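If you scroll down you'll find the structure; I have some questions about it.
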Amino acid sequence: MELKYILESLLFSAQKPLSPAELREVFANAAEQEDADATVKSLKKIKEGELNTALEQLAQDHEAAGRSYRVVCVAGSWQFVTQPEFAPWLKALVGVKARPTRLSQPSLETLAIIAYRQPLTRAEIEQIRGVNVDGVMQTLMERGLVEATGRAEVVGRPSLYGTTTLFLEYFGLKGLEDLPAADELRKIVVVKPPSSPVTADADLATSPPEQLQMPEGGEQKSEAGAPAA
Amino acid sequence: MSEYKVKFEVFEGPLDLLLYLIKEEEVDIYEVNLTKLATQFIEYIEMMREFDLEIAGEFLVMASTLMYIKSRELLPVDQRAETEEDEEGADPRWELIRQLVEYKKFKDVAAQLQVLEERQEGIFPRVPGKLEFENTAPVPKPDVSIFDLLNAVNNVLKRFEKRDGTRDIFEDKWTVSEKIEYIIRILSSHEAIRFSELFEDAMSRSEVVCTFLALLELIRLKQLICAQSEDFGEIEIRKRPTSVVVPVAPETPHLTPGTSS
Amino acid sequence: MELKYILESLLFSAQKPLSPAELREVFANAAEQEDADATVKSLKKIKEGELNTALEQLAQDHEAAGRSYRVVCVAGSWQFVTQPEFAPWLKALVGVKARPTRLSQPSLETLAIIAYRQPLTRAEIEQIRGVNVDGVMQTLMERGLVEATGRAEVVGRPSLYGTTTLFLEYFGLKGLEDLPAADELRKIVVVKPPSSPVTADADLATSPPEQLQMPEGGEQKSEAGAPAA
């Protein structure tokens, strides 16, 4: 798989311009995924030079294709942009009364977590969802469903987030105590960031051995992956 | 008793079990020997009964249909025609084959849908950053209800459990023949084994299913007997005392349960 | 300016898939803008047929270009999506796509039957699957993949079921005609309950043998199920 196409798919799907450093991070994270294959792993530590060459090539490709968009680099970050001559229709697009947009599944999940666990930090949300929530948080804040409510009294003093009055209105709730099935979600244990200055080995806790035990004879088959069609 | 309440939902219904048996015979549905099929089907039902397993009504209805077809086959042709056609004039044997063919087609297409489902997981729509023009329209109200939120909660919980568990979420591919060997191995060193012990180490539903099928197969081959010392007591599995050596290989089905296509 | 490029720039910039109706609204609104030029005005009342032709052309363009994304139509609305082989990196970028858990085998089978045979009653589904489908139907309805679409004009007026737009979206289908092997499956004749006043056993109607096409015509008369020796 050609590097430039991978970069293309990333710029194409990103909600904001990406710098080479951010792109390298994506490659590193992709290689960490459980199901990463050889190609994905081989790109784990891609060099910035290689990235830049491929990005330049990509920009040239799209210039040559002469379609309605281009790949450009602004202030060191790369993105797709539309050509200016289409502005009349794009303006009209923004003005079109959209059907009420559904909140995406990631937004809903994040919102649910915040609703049940507030106030909490972004790191805590990510710990529960298992993925980065930057984009989703931005959407939720833009929509006025979530807001920063203070700062956590831990190292770094990260922002704490909670839901807004608008959130309650949207869902027709009298108050947070009206949320359904609250207990179950509150049960998930989240490791709070240490509230005191940390010692060096705080992070070295290891899993007890019994978590690693596999019944004999089974595990080599589990790699087979896809269920039979 | 709950530990061995392995329901026969392994097969999604009588048609599924029939397709499995036909596949084992390696014949085309149209060519299948219904009399033999009826015997095999009823054997399975009997074994389920021996295990005190919950047998869904549909299996019993199918068993009686098959019995009927079988008894009908045993009559001389000339006595069969007029008397045995049912009220609607449909040949029950033909009707069953028709049903099997139709069901098989949907099963196949379900597999294709599954491929699409998996493929969709890797397809990402482009969601660009918002366009910025002066005075943008007010943010539309999201079209979600409290139930969507609740659903989202449940999804989080499910994924959390998955991620947190030490068990593999992929389907293990077990084969019945491996499990047959496994059971034989255990019984060569133990006098008897409790039913529940057989499933203790199972990692997944599919493994339970294979072990169970292996057990049924061994009972069918008269290699094992099951005994219950008291009412509602644990079932014990032991080798048949005067066991004739029957080779394991030729008859053992290889399957991934649930996909007998 | 070619129509397809305008459409491309719109799909490219939209926050969600756009239907031909929504696209027409964009063209109409663009022509209403104060600074609309001749080109913009000329496209004010673009015909849906023209739009569709241009959209199909656009999809073909991108298919032929073989880059990392495509233009697709799902459930009647058009959008840009990435190709599945880039999923490892996109997951790392935007987070694992939050989808509900995969459908079980019984759910898939039932869904297939409904998709190809809709509208149909629960009894008809059960006749094909040979088992009770109450639990499965509940799951499918809860997940919004199936809905009641009306009532059959037979005794008891049982509900008729069909698939939803979400069903098409979930499997990435343009429409029902896009289902795999659609023709072949619809060919098997299924006998609907009679639509005239019926007798008590209306639901028990079974197809007479002739309606099922056999590879060889005479076979059903032969002794396919010969008694075992």
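Descriptive notes on the structure:
Order of writing sets the chain letters: A, B and C. Residues in each chain are counted from 1.
Following the convention adopted for this analysis, contacts are C-beta pairs under 8 Å (C-beta built on N, C-alpha and C of every residue); 3 or more make two chains touch, one makes a residue touch a chain.
These figures come from a predicted structure and were not determined experimentally.
Of all the chains, the one whose CA centre sits at the greatest distance from that of subunit A is B. Remark: the per-chain Cα centre closest to the mean position of all protein Cα atoms belongs to C. Centroid to centroid, with C-alpha atoms defining each point, subunit A and subunit B lie 39 Å apart.
In whole angstrom, the spacing between the mean C-alpha positions of subunit A and subunit C is 30.
Among the residues of subunit A, those in touch with two or more other chains are 12-13, 80, 90-91, 93, 95, 98, 101, 105, 109, 129-130. Among all residues of subunit B, those that touch two or more other chains are 111, 114, 118, 124, 126-128, 131, 151, 155, 259. Residues of subunit C touching subunit B in their complex: 12-17, 69, 79-87, 90, 94, 97-103, 105-106, 108-109, 111-113, 115-116, 127-132, 170-173, 179-181, 184-185, 188, 190, 206-209, 212, 214-215, 219-220, 224-228. Considering their complex, residues 1, 5-6, 8-10, 12-14, 26-27, 29-30, 33, 35-37, 40, 65, 67-69, 80, 82-83, 85-86, 88-93, 95-96, 98, 101, 104-106, 109, 129-133, 135-136 of subunit A touch subunit C.
Only residues 111, 114-115, 118, 124, 126-129, 131, 133, 136-137, 139-146, 148-153, 155-157, 159-160, 163, 166, 168, 170-174, 182, 201, 203, 207, 256, 259 of subunit B touch subunit A when the two sit together in their complex. Those residues of subunit B that touch subunit C in the complex are listed here as 12-16, 30-36, 39, 56, 58, 62, 69, 73-74, 88-91, 93-95, 97-99, 101-103, 105-107, 109-114, 116-128, 130-131, 151, 155, 158, 258-259.
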